[in-house]
Each structure stands twice: as C-alpha cells, then as structure tokens.
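Letters A, B, C, D and E mark the chains in the order given here, with residues in each chain numbered from 1 onward.
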Amino acid sequence: MKILHKAMAAALGLLLSLSCHALTAEQAFAMAAAEDNDARAAAINAAALEPDEGGRLAAYLQALADDAVRTAGGKAYVIQGERTIDPATGTAATLPADAEEIVNNNYLRGVIESAQAALALTSPDVQARRAAAKKLAEEPDAARLPLIDKVLAGEPDAQVKAMLERAKAASLLGSENTAERLQAVQQLAQIHTPETQLLLNQRLADESDPAVQKAIRSALSSIAESLAWGERLGAIFSGLSLGSVLLLAALGLAITYGLMGVINMAHGELIMIGAYATYLVQVLFQRWLPDSAFGWYLVVAVPVAFTVAALVGAVLERGVIRFLYGRPLETLLATFGISLVLQQAVRSLFGAQNVGVENPAWMSGGVSLLPNLTLPFNRIAIIVFAFAVLGAVAFMIARTRLGLFVRGVTQNRAMASCVGVNTARTDTYAFALGSGIAGLAGCALSQIGNVGPDLGQNYIVDSFLVVVLGGVGQLAGTVYAALGLGVLSKLLEGWAGAVLAKIAVLLFIVVFIQKRPQGIFALKGRSAEA
Amino acid sequence: MLEVHNLHQYYGGSHILRNVSVKAEIGKITVLLGRNGVGKTTLLKSLMGLVPIKSGRIEWQGHDIARKTPYERARSGIGYVPQGREIFSRLSVEDNLRMGLSYCPARTRIPGELYELFPVLKQMLHRRGGDLSGGQQQQLAIARALAPRPQILILDEPTEGIQPSIIKDIGRVIRMLADRGDMAILLCEQYYDFAEELADYYVVMERGEVIAAGPGNEMQQKGIRKLVAI
Amino acid sequence: MPMKTDLQTSLQLPKPEPLLGTRGWALFLAALIAVCAVAPALNLLVPEGSALHLSDYLVGLLGKFMCYAIVALAIDLIWGYTGILSLGHGLFFALGGYVMGMYLMREAAGPDALPAFMGFLDWKELPWHWALSGSFVATALLVLLVPGVIGGVFGYFAFRSRIKGVYFSIITQALTYAAMLLFFRNETGFGGNNGFTGFKTLLGYSLNTQAMHVLLFALSGLALLGCFLFSRWLIRSKYGRVLQAVRDAESRTMFCGYNPLPYKLSIWIISAMMCGLAGALYVPQVGIINPSEMSVGNSIEMAVWTAVGGRASLVGPIIGAFAVNGGKSWLTVAAPEYWLYVLGALFIVVTLLMPGGLIRLPSQIREWQDKRRALAQPSAPQQGVQA
Amino acid sequence: QDTIKVGVLHSLSGTMAISETVLKDTVLMAIDDINAKGGVLGKKLEPVVVDPASNWPLFAEKAKQLITQDKVAVVFGCWTSVSRKSVLPVFEQNNGLLFYPVQYEGEELSKNVFYTGAAPNQQAIPAVEYLMSKEGGGAKRFVLLGTDYVYPRTTNKILRAFLKSKGVKDSDIMETYTPFGHSDYQTIVADVKKFSTGGKTAVISTINGDSNVPFYKELGNAGLKAKDVPVVAFSVGEEELRGVDTKPLVGHLAAWNYFMSVKNPTNTAFIKQWSDYAKAKNIAGHKDKPLTNDPMEATWIGIHMWKQAVEKAKSTDTDKVIAAMAGQTFAAPDGFTVKMDEKNHHLHKPVMVGEIKADGQFNVVWKTKGPIKAQPWSPYIDGNDKKKDEPDGKSSS
Amino acid sequence: MTPDLMQSGSERLQQYRREHPSEGHTESGGRSASMARPVVAGEVDTTHGRILYLEDVHVSFDGFKAINGLNLDIAPGELRCIIGPNGAGKTTMMDIITGKTRPDRGSVFFGSTIDLLRYNEPEIAAMGIGRKFQKPTVFEQLSVFENLELALKTHKGVAASMRFALKGAQKDRIAEVLHTIHLASSVNRQAGLLSHGQKQWLEIGMLLVQEPQLLLLDEPVAGMTDEETARTAELFLTLKGKHSLMVVEHDMGFIGTISEKVTVLCDGTVLAEGTLAQVQADERVIEVYLGR
C-alpha cells in the first residue's frame, strides 16, 4: 500500500510538472526505470492520459514494448537498429557505455499495451481505433472512464462507439453505485464472449449486492449457453484435426505395411527424416534467403521431405527389405534394427535434443468462427494437406498401373514376375512411395509437434493401430479408423481426461477387434484366406 | 523356338532334373507327360526362371535365357499357366487380366476374344479372383496368360478341375492357337487322352529324366499310355 | 493282403523322440551343476582377487539374463511354435514382477505399516488389490495366476473371435500400452512411474547379502532349466505338433477335428505364466519394477531375443536372450555412443543372413557347404527323390 | 593408481537422451577443466561413460558396474526420479556416491546422494507465490497441468496444499494429466481457456520434456497470451525451448535456480567455456547454438564441490567425502555462492522466475535475495514434520 | 422335410437294410421314424436312411446366389458323385456342410438328429465328417508321418494330446495307409516338399486315418495320372459301404468307374440326378456341362 501511495505521489508530481503536453526526458526515464514496477506503471498510465504531441509518446511506448529502451544516468535512450535516440526530443544521442537494458514483465507489458490503446483512441485511423476500443473493453480500468466519455462524444464510427460503450460498461462493473453496476451487467449480458465471462466472474467474486449477483449469474448462464456450440464444434474440430494427423502418420504405413506387408518398425523414423528434412530446408532459408522468403520455405520443404524420405526408403528396400519378402515377421526384426540405427544416426548428426521448426507466418493465427471458436491455420492446413495426400495415394493405388502392380506383386510375387512385372522395381517404387509419404507426414508434424530423435517412436504405435483397425490393405478403412479414433479420443478426453481417454481408446480397439477380427473393412469370403 | 539342353536342377541337395532336353516349336504342341513327382512342374518353373538351374541351356528364339529373370522371360513372349492357378486372389478378375498385360503399352485393352473363350470371366469381371470357383480360376489363369498374345504358351495341367465342356473348348483353343502358326505350346498334362489328342510331339519324364520323346502320332503305337501308368 | 503286412514290417515308422537324448541329458545336467554348484562356489568360495572369482556383478547380470531367457522361451512357445506373435509379453512379465514387488514392498514396510508411497497418497489402508500381498505363498501362486488369468481372459476372447496374425499382435500391443498408462497413474495404486523400489528383505532374509544374490541366481537358473524341460516336453508331445499344425494351417487343423481355441489358449496361458515367473524372479534381483517394463518397445525387444536366437527351437531363444542382452550390457559401456548402431546392425544381419537365428547357424553353414559340394559334382549319384 | 575414475550415468539413447546427453558433456567438460588445472589430489580424473539407455533397470545395472567393476569414486547421473530410485539401493548397498543434478519432487534423502537440483520449495512454491503477486498477474485460479508421473503428481500435491493454505478454493484449481509423449493438446488448451474465463488464471506446468513443444505450439495456436493466462513451467528451460518458435510464447514463465541469461562474470565465463568446448568437441546442436541450462549448472556445481570435498578429505573414500561435502561452497554461474547444506545433502540455491523472450532466452523477472535452503520433506505433506532433515546412517561415518 | 425327401429316404433305408442286414446298430432298427426314441447327443442317427441331408439351402455372396434352394440327401454307405459346371456351387456346398460357410437359410442335418448349422468346423469334423479340399492342403512344415498322426482318429482335446502315445494298432493303421497312398518311402519327408499329386494322396491318407463316417472329396483325382486315378477309384469302392462318400469330380472316366448315383449341380441347385448314363444323356447336362 505504501508503495502505491508513493507511486501515486510521484505520478501526480510528474503530472503537475507537465506544463507543455509533450514527453519529457524525466517522464521517459520514469516510464522506463522507477523505483519499482508500480511506479513505472503509474508513470506510463499518467503519460497516456495526455494528448500525444507529435506521436513521440506512441513511438516511445512502442520502443518500450519492443525492449528497445536503455537507461543510464537518469536518462532513457531508445535503440533503433544502429542508432540511439533521445525519446524526448527524437534526436540522435550517444548511448553511454554503462547503459542498462530495460526488462518488462507481463504486468508492465499489459500496462504498456493499455496505454497504447488509450493513445490510439484518438488516432485518425479507424481500424486502429477499433482495435484500441476492443482492447479497452477487455481490460477495463475505471481511471480511463473520463477519456472514454470524451472520445465517445466525438466518435463518428459506430463500431468504435459500440466497443467503447462496452468498455464503459466493463469499467462501470466496479462502480460504487449499485444501479450503475446492474446496468453494466445488463449491458454486458448482451455480449456473448469469453472475455465477458471473465469480467463477470471476476465481478461476481467481489460482488456483495444480491440483486447484482443474481443478474450476473443469469447473464453468465445465458452466455455459457450461447457459447456451448462453440465448445462442441471445437471438440469435433480437434477430433478431426487429431484424426488427420493420425491419417497422415498412417498413410505411408498403409502402403509399406498395408499393401506390401512389411511390418515396418522404421516407419516412425521415416516420418522423423521428413521432419528433419523440413528443418534443414528451414535452416537454409534462414541462412541464405531474405526474411521475406521464409514464409515459402514449406513449399520447398514438402517436396524435399518427400524426396529425402523416399530415397532413404529406396535404399532400405534395396539393401534390406527385398530379401525379406514373404517373411513378414522377419521384416519386423530387421526394420526394428533399422529404426535403432536411424535414431542414433540422427542423434549423431543433429544432437540428441530437439531442433526448432518454426511455422511460417501465414500458418500462425486462425479464423475466428465464433467468439470461443478459433480454428488455427496450421491445423486447417494439416487437415487439408492430409486429405490431399490421401487423394493422391488413393488415386495412385486404385487408378495407376503402378498401383495395380504393387497390389499384384504383393499378393503373388512369383506370379507377377511371370506375367512380366519387374517386381524388384515395383517393390522399390512402392516402398519409396510409402516412405516418401511418411516423409510428408514428418513435414506436416513438424508444424505442430517437436522434431527430435524420438519423433518417430511417438507415432509408430498409433500408426499401426490405425492401419490395423481399418483393415490391413484397406485404404478406406485407414481413413475411417484415423478420423474415428481422432474424434473418439477427443470426445473421451473431454470428460475423462487425456490419460483415461487414451486407455479407454486402446481398450476400445482391443474390444472392437473382437467384433471385427479383420478391421473395419474386412475382406470377406474366400479371397481373404488366400 | 524353345530349346532346352542338358538341364540339371537341384532342390537343396537333391537332384530333381537330370540332363533334361526338350524342344517346343512354334506352331506345334509339345506335350510333357509323366507321373506325379517326376519333375514336370519343376522343369516348367525352370523355364520361367522361378527356380534356378544348375547347368544346361535354355534357348528361346535363339538366345540363351537361362540367366534371365522371370519377368524378362515373360516380356520376351513366354506365357505361363502355372499349376495351382496362382490367381491374384484379392484383385478383381479384370485386374488379374490387366496384370497379364503388364508389359504391353499402357492403353492396351483386354482382348475381347478371351471373353468369348471363357464367358464366365465376363460375368465375373468385378469379382475378386480369389472368390472364384476352382475351375473359374483355372480359366482365368489361362486367359491371363493369353492376354498379351505370347509366342509360347506353357501350360501346367490346365485341365485340372475344369468341366468337360470347357476342357473341350480349351483343347480347341490350344489347337487353334498352334495352328495359327505364331505360337509354340508346351503342355504338361496328366489327362492322357487330352494330351494324346493334341500332341504334335510328346516327351515323357521319369525320375527327373526324359525317358521317351517323339512325334505325337506315334504315342499310341509306342505305348506311351503304359509308360506313364507304370 | 499278406503282402501288405510284409510291407508294414519293412516300413520304419519314426520312433517318438526322447525328452532329451543322452547328449542332451548330459548337457542339461552340466547346466544344472553349473547353475546350482559351480557358479555359487566361484562366487562365494573363490576369493575376490582370483581369476576364477565370479563377481557379484556378473552373478546379478547372469541372473537377470536367465529371467530374460525364460521370457524368450515363453515367446518362442507362442510365436515360434504356434505362430502367434505377441507384442505384449512385457505385460505378463511386469505383472509377475509387480506381484512379487507388492510382496517385497509389504515386507520392506513392515507388518503394520503401509508401503511408503501409499502414505504419500494419504491412503489409510491397503486397497483391495493388495489384500493377498502379505503372504508369500499367495504371492508365489499369484505370480503365476495373475498373468495366467489376465492372459487367459484376453486370450479367450481374442482366440474365440479368431483374431489372427498382425491383428492379434497389434491388440496385444494396445493392451500392454493401456496397462502401462494405467500403472503410471498414482491412483492405480502401484507406485506410479516410480513403481516399486527399495526392497529390503525376502522372507525375512536381507536381499543385500551375497548369499541371497547367489540364491536368487540359482533359483532363476533352476526356473530356466525347468521351463526348458517343460517346454521340451510340451513340444515333443502330440500337443506340440498340433500347435505347429495350427500355426501352418489352422483351418486344416479344424477339419481334422481339433478345436484350435483350447490349444491356442492353453499355450498362451502357459506362456504368460512363464513370463510371470520370470518377472517375479527378476524383480528382487534388479530391485525395481515400474510400468516402463510394459512399454511397447520392451515387448518388441523380447520378441527380438527369440528371433535372434532362432524361433521354433528351444535352445535358440535362450541363446538369443543371452546374446542380445549380453551384447547390450557390454556395448553400452564399451561404446556408449555407438552401441545402437551395432545392435541395430546385429538385428539386420541376423534376419538377412541367418533366417533360422543364431541356433541354426551351424546347420546353415553345413547346408551351404553341402550344397556347394553337391553343385560341384553334379554327376555323382544322388539319392534323388527319396531324399 | 594414477587416475581417479568418475562415472557418468546419463542416458545417451532412448527418450531421455534429449535432456541427458548434454549433462554427460557437461561432466566431461568439467573433468577436462579440472584436469587442465592439475586434477584432484595430483591425479587426473578419468571419466567412465555408460549409456543406461533410458531404461530404469539398466540404470541399476550400470550403476553397479560403475561402482563394483570400474570402482569409480563418484557418479554423476540420472535425470528422472525413477532412474534415481532405481540406482538408489545400489549406491546404498555398495556405499557409492551419486550427484543428482535435476529438480525433483523431494521426499527422499540418502546418505549416498547429493542433490544439486531444486527441491519443491526451491522452485515450485516461489514460482506460485510470484504468480499470485500483483507483478505476476495476481492469479486467483490455477491449472495444475502435468505429465502423469510421480514428479508432477507430487509437486501438484504440494502445490495444492500450499494454495489451500493461501485460501484458494478447490473449485479454483484444475488438475489435469497427460500420458507420456502426449502430443495433442487441443482439448486441454481449450479446457484451460474455458477455465480461465472464471477469473484470473495461471497454468502451472509440469509437463515433461517431449510434450512441451506440442503444448506450447497449441498455446500459440489458441492465442492464449502470457498476459492473460501465464504458464509457468518447471521442466522447461533453454534446451527445451530450442525446439519451439518462441515468438508466440513471449512472457510465459519458467522457474529455475539458474538461467543462461543471468548476467555475472561467473556465468559469462561458464557460457564461454561451454561454447568453446561444444565447438571443440563438435557437439551436435551446441556447436552452432550453445545453450546452458539449470541442470547443466547443477552438474557443474556438483562436480566442483566434489573436487573440493575430495581435496578437503584428502581422499576419495566415500564416507570421508560425504563428511567433507557438508558446508562446501562454490561460486556458481547463477551469480551466488551456493552452499551444500551441512546436513540435508541439498544445495542452498537462489530461486529465479524468468519470462520467455522471443529469442528463446529468459528474462529474469523475479528472484530471491539469496540462496535458500532446501526442504526435501515438504511441510505441505502430512507426516513430513516428523522426518529428520538428515539422511539416516550418516552419523556412523 | 419335404414329402419326396421322406419318401426317397425310406426307400433308401429299406434298400440299405436289405444290403446290410446285420448292421442295424440302433435298437430301434426296424421301427418307424415316428416312434419315440432317445436321442444321444453327438451320435449320428441314421435310422431314417440318410446320413446327410440338405434342405432348401441358400447362400449368396454380395447378392450373387451361389447356392440356391439346394436339396440333397445321402444314405449311409452310399457313394454319391456330384458333378456340375465350374462355379455350380459344389465346393460351396461342402463349405456349408463342414461349417466353413454359414447358409443364409435352409437346414443341414447329419443323420436325423444333428443340426450341423449349430456346430463349428472342429466339432463337425470330430463328429465324423472328413473333407479333402479342392486345393490340396496338408501341414507343410510337418512330415508325412506327423500329418497322418495328427489326422488319426483319437481324442482331440488338449490334455489328451499332451499324453498321447501312438498305440500298436494305430501304428499299423498309419503304415497301412502309407502304403495305400504310396508315400511309404517318404514317411519322414516334409509334406511341403511333396509334389502336387503326392499332396493330394497325403490328404486322402489323412482322411482315411481319420475314419470319418462321411467323406467329402473335392476333386480327389485332379492332377493324378490315369493309373493313380484308377487306384483311387478302387480305394473309394472299398470304402463305400463302410463309409458314406460324396465325391466331386470333373473326370467322367473316374465317375464312370465308381458311380452308382450321380447328382448334377448347376447354379446352386440340383439340375439332374440319376445314373451316370442317365445324366449324360440329359440334354441340359450336355448343354451346361459336358459339351458336345
């Protein structure tokens, strides 16, 4: 409390000293480095109440937000690339050697952002005003009421106005006056967003008046009701998204195992190779190409991941697996060995720790469908990607000669060769294709998960479950199994928690196979036995 | 023309084919006879390259193909109907036939005459090969071998499990194919009457060796039926 | 007709194989003596400095390997002979281990106290599933019964539904994975991720004495030899041949009048129980049991021991378990950064070059030489078809 | 015998290799450093590196081998608590000496182990206190989110008791666990988001290694900003953030006893030494982007304190070294002179809370004035008040 | 049961009784079918003169009617030949009898009391129905001897097989069969290494040692030489009477030597029935099956 008082006093003093409405050096220093963070916050808030002459305050706040401010000898400096600037005058300055970095924590960052919003309310740009008004509505502060009232009076834009009304209502939630509070609650009850929920809940915790309490409760329940849809859709979307991840991880295996019969324990490592290939492409982009090109690195990474994994797959097929056709259980053993070697190879080359793969900018963020339902772009991209790959694989298997040959060769290698199919080449192509698709999965998974030597291990069990649950050799089954498991997992997780959900899903699979011992899409009849 | 000279073949340590020499001429039907287990299938598999041979030469159209892979042999115009049908059981009948066309240009259609020959295949075009009845599968196997119009057709007991009327049809087809003059036929058969009726030449095997050979019209007088029976 | 009788007498029907041949019994006896007398003597009586001294470390290591060998044998029964690949045998091993661990925890806690981790969970009394853990006799039975019953229930439904091949393998994997997650949870009551450690005594005797180590070693050896003999007896009987028949042509077996279900189920349960026994002997020797024994990778590795040694032979899996684990123990020290390359390469090489596993390497070499000899002189008279 | 053997027992393969490999390198660097300065008691240190491969029984086997076969004087090793539990009997039976460098759940004291990582009161509790402060956002509701194993479960049990003592209601605590290797945090993040509408919320994450990347990526996806719902993690350091795009995570927190970004001459030297070593030894990853973290620092402290103790005891004999360890001090890279407690085998360490920066480093936003003493037996767990703050059997030496 | 089936059954029974006067092993031997009589579980009751009858059986696969209203019955000791075009449903019929395929509707009885549709494959086999497949199936990894030993008529339970030891009589039986099937010199050979024809014989041998009451033989002489075919015919004729046989073949010569009554199947139903000469003269049979 004491500290607060002191800070108030300091801020007040500053205010008084402000005869001209421009950023002073003292002010700038106080905003950057005061006795403690509360004092800094007070200084920042105080500064933001004043009109900003020449936009210098806005620039300075931005510099603070960007951690570009240094202090030395009671003065603040702004670093702009190579140059140093005096925030009060906007002129160049020299940075003293003993200048200290300014560290903001979350609390101060919040204060700075609010201050920026307050300043932006008077911006000529209507978009900026809208954003600022929204921000203020989310973080109400009774101290800004006069400012809001002032801006409201002159604001032409209806949207900004509506937002500001909201901000005002939110600020009034904490009013001394019960009627005002009640009115604020009623006004907020119209706004069905999670932010309102938070405001109302926070108020509820402190509210003592029963009428207001009741109003808040009914407002909350009506909001919760209208948000329920968003939650449901969100759960289904996460199910689909998980399903598409499972599908991607399993698709390559649907070829190497489902069609070719290779119990490919190295499948996970092929996924990992795809992910590392993506990482390498990213590094190359960062190192050799301009920043603006970075957003496109995935466009290069996709074919590279495919090719690298396919090549590794081809080498494995030529070197090891082709000697094992017709001995499926042996392939388990050999590919288990291969997976150990590949994992360790990655450790030797890249280190045991994870490597960082960044999402390109267009993949961050999402589309907001409902106030509480935002579909992230990277998830959407993966769903689309998974289905694109699925389409390509389905076409390849069902419509092309290679697909026909692969199916024929895996069913009866000797006979396929007797009708003139180059079985060795077909096998290599098919295995390389399956591996390449695993590589594509790796590329996609690098966007949502970690990239490390263990990457493959995390997906191998699930991949096999999906392929087997769908019915070995049944692409359609794989799709149903992946999406079904995805949605089921997410629904179960919703009410049982992740651990029990996972256990339940596994047991579900065990039980399901009892009903359908050959998977969802079982082959029936005589041909199944041959 | 297919010529086999002094072929020796082993399974592990046991000598299965001993100094086998056989010829199959274009336009002629050569019949291979012998009791169970004498090595007929083994010989045909050696011709296709499915089992390695120890020594001897296999000449096809003047080239030694003894070291070639099965698919190279198939592509050089050798069609093979194996014992036990070896259908691609999970492929549809149509895809089985398309497999037969594997080395033809991609657009090659399945010859319509196959369906005339084996009407049941047309009915069952979209059924899985493995679901067909035994005899239907046998018909499919023959049709598959004929699809790319090979220059030699090697048949391992093609009448096994086939109804009499179709056996007659197959006999007629084989005769017709040979008479067209662009195909050699090597037929391994247990059904003596069928074999005798078709044979231009015959070869009898016993214990992995050729013990008799000659033109088909001499079979009766040489008592080949007895030879096979004893 | 009389001619037929003649032929009959001239026909040599194969005699039933003896349980073990003379050489077999000799080797078996030698192994028995080595395990029960020689090794303990070398450890307890020969002074530490001597070249002949068997160190405590090695006693522990070999004791552990013998438990692994039992597992490999158990997997061989179900995989090698019956053709059912289980990727979940780690579960049975761990169950046996947990049953034993519960007993050891109770002993470590003392008669009236709860095992330490329970106090931490604020549990005031033993949960129901710990009821029998205080009795050694019950524990000894449960070590076999728990894996047997759980395996039995699972196997009954799976085999009844005629789940085969990879479908079976994958659901065993799912089962052990689910069990692992379950055991990870603290609430399940098995010590969560840490599992059980800090054992002190067995039947009142300290676990930390040299004599106890040797005793556990000898017990593991006896168990291994016993399991071997039992397996040999099973496999040699007609029962064993039915198993192989089921493996090779299940539907044909059915048309011969055999119901595969009781056959598969019985061998499955036997195999699970053997794993349970191995787990129970393993836990006091290594001093820890925790859910990672149920991890999928572990179970795959167990199958790998069997495969490396040679499936469908009884000595093979034992050799495999020793070879793989011995190699692992040695390499993780000798080449800590590269051992995975070597181990991985071993698996690849064994599959590619030794399809019968290590055990069939000599006969493979012999065969290869025979073949070369035969090919070298094709004109030599051969037995031909009669072979 | 002209060398002293030092055992290194960290997983170089398997799931834990991600975290542990670098600790092996840290030990090797320290040994090089000590040897370059003349070794210990005039003898060079000889590292014996083994790979327990993230396999807990194998940890016990390797520990036994190091002690009884290689006769090492001391072992530096283990990360997970279960691996420590697995080797503990081996060290006690054979009277070996283990230095354990990772923050853990406490509830253990052994005469043969020195714990150079944090006990819960040196990490978890101060961090939560910070979150409850105005500076930390004044959180009123808490999500306890962890991987389902003992360290998170125990830590959360302690935290729950602590929060209760601070007047937080049960309905304001959400406790959720995920299986090992869990990689899909959509539902959980959505749940957290929903929970956070009920009042100012903070997430306390004890998610283990591998799952952190997908968790943080999902946080970024969901747009959960640190300002609104801060996440404080106890298992996320510089190394774990290597795999993450940290821009969306700026402001989320971690609590440790050391951060790479701490500015002081000791740390600068430490970082430089590590960078040079990583380059010289061509350590993958670190040769391009050298990073240090808390367990590395704890390892570094441990081996140097051991050296000092050996020199004080003039012997590598376990009991003598244990006795000499009491009260050892060392100028640590965290900027303080840390001390080995006279009794409880834990270090007195400073506690720091850092906010993630865009470059993957941490801004230290809060720290204790000085090192604080560890409470291995947390007072928030019933019955611990009766436990001795000293391992059993020590007096015998 | 349809009236004509009942009629033909009682006729056949009468004939059977005439030929095998001493073999009425049920107490109720001469009594009429309607008289109460204990039904012994698992025991085949042939008092109605049929060991097997199928009535109005239907099976379809994805809409394709493989068996379409099939009626058939076989008397004890009868050797019945079944012929019919490829795809007529002969093998499918055997699948139904042996429990491999479940019919969509219809009834299948073994004797008069055992409803085969209620049993699974091993149970049906243990009751005394043996089958030889169209494609020879033997235990390829086991030796010829072991193949026969497994097929031997004994108790087939787990405990019994653990304790099993070959008795003298059983040995003799195996030796005898080995001679019959001409594999005496290959007793120890692995069955997988046999040639196609040898496997056929081995499978027949396995049937013989199994001593079933009813043998279903799907194309037993396919791939055999004429001489062997003749031997097989001889063998079947000796089996007839003691066992009931149902033989599917396309080899008319073989059928000719063994047949008394021939049933022609076509499109899943009976097209014609009679002696070989009768059916061979049947225009429809010539049309769909024999060819001109």
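Here is the rule we go by: a residue touches a chain if its C-beta (ideal position, glycine included) is under 8 Å from a C-beta of that chain, and two chains touch if they have at least 3 such contacts.
Please read all numbers here as calculations on a predicted model, not as lab measurements.
Colleague: Using the touch definition from the top, how many steps at minimum link chain B to chain C?
Modeller: 1
Colleague: Taking touch as defined above, what minimum step count separates chain D and chain E?
Modeller: Counted as steps through touching chains, the separation is 2.
Colleague: Taking CA centroids for every chain, report which one is farthest away from chain C.
Modeller: The most distant chain relative to chain C turns out to be B.
Colleague: As a test of whether you follow the contact definition, which chain pair has the most C-beta contact pairs?
Modeller: The chain pair sharing the largest number of C-beta contacts is A-D.
Colleague: Based on Cα centres, what is the most central chain?
Modeller: When every chain is reduced to its C-alpha mean, the one closest to the whole-protein mean is C.
Colleague: Can you work out the whole-Å distance between the CA centroids of chain C and chain E?
Modeller: 44
Colleague: So, what's the distance in Å between the C-alpha centres of chain D and chain C?
Modeller: 38
Colleague: Counting only Cα atoms for the centres, state how far chain A is from chain D in Å.
Modeller: That pair's centroid distance is 28 Å.
Colleague: Could you tell me which residues belong to chain A and also touch two or more other chains?
Modeller: In chain A, the residues touching two or more other chains are 343-344, 348, 457, 499, 502, 525, 529.
Colleague: Multi-chain contacts only, two chains or more: what residues does chain E have there?
Modeller: 61
Colleague: Using the touch definition from the top, which residues of chain B touch two or more other chains?
Modeller: In chain B, the residues touching two or more other chains are 37, 131.
Colleague: Per the contact definition, I'd like the list of chain D residues that touch chain C in the complex.
Modeller: By the definition above, chain D touches chain C via 12-13, 48-53, 55-58, 60-62, 64-65, 68-69, 80-82, 85-86, 88-90, 93, 107, 148-151, 153-154, 157, 177, 179-180, 381-383.
Colleague: Contact residues on chain C for chain E in the complex?
Modeller: 4, 7-8, 11-14, 16, 234, 237-239, 241-242, 244-245, 247-249, 251-260, 262-263, 266, 386-387
Colleague: Quick check: in the complex, which residue numbers of chain D touch chain A?
Modeller: So the residues of chain D touching chain A come out as 12-13, 15, 17-22, 134-137, 140, 148, 176-179, 181-184, 186-188, 190, 193-194, 196-200, 210, 212-214, 217-218, 220-223, 226-227, 230, 239-240, 242-245, 248, 251, 283-286, 355, 357, 360, 363-366.
Colleague: What residues on chain A touch chain C, complex-wise?
Modeller: The touching residues are 263, 265, 320, 323-324, 327-334, 336-341, 343-345, 348, 457, 461, 464-465, 468, 472, 499, 502-503, 506-507, 509-510, 513-515, 517-519, 529.
Colleague: Inside the complex, what are the residues of chain C that reach chain B?
Modeller: It is residues 367, 370-371, 374-375, 378, 382-385, 387 of chain C that touch chain B.
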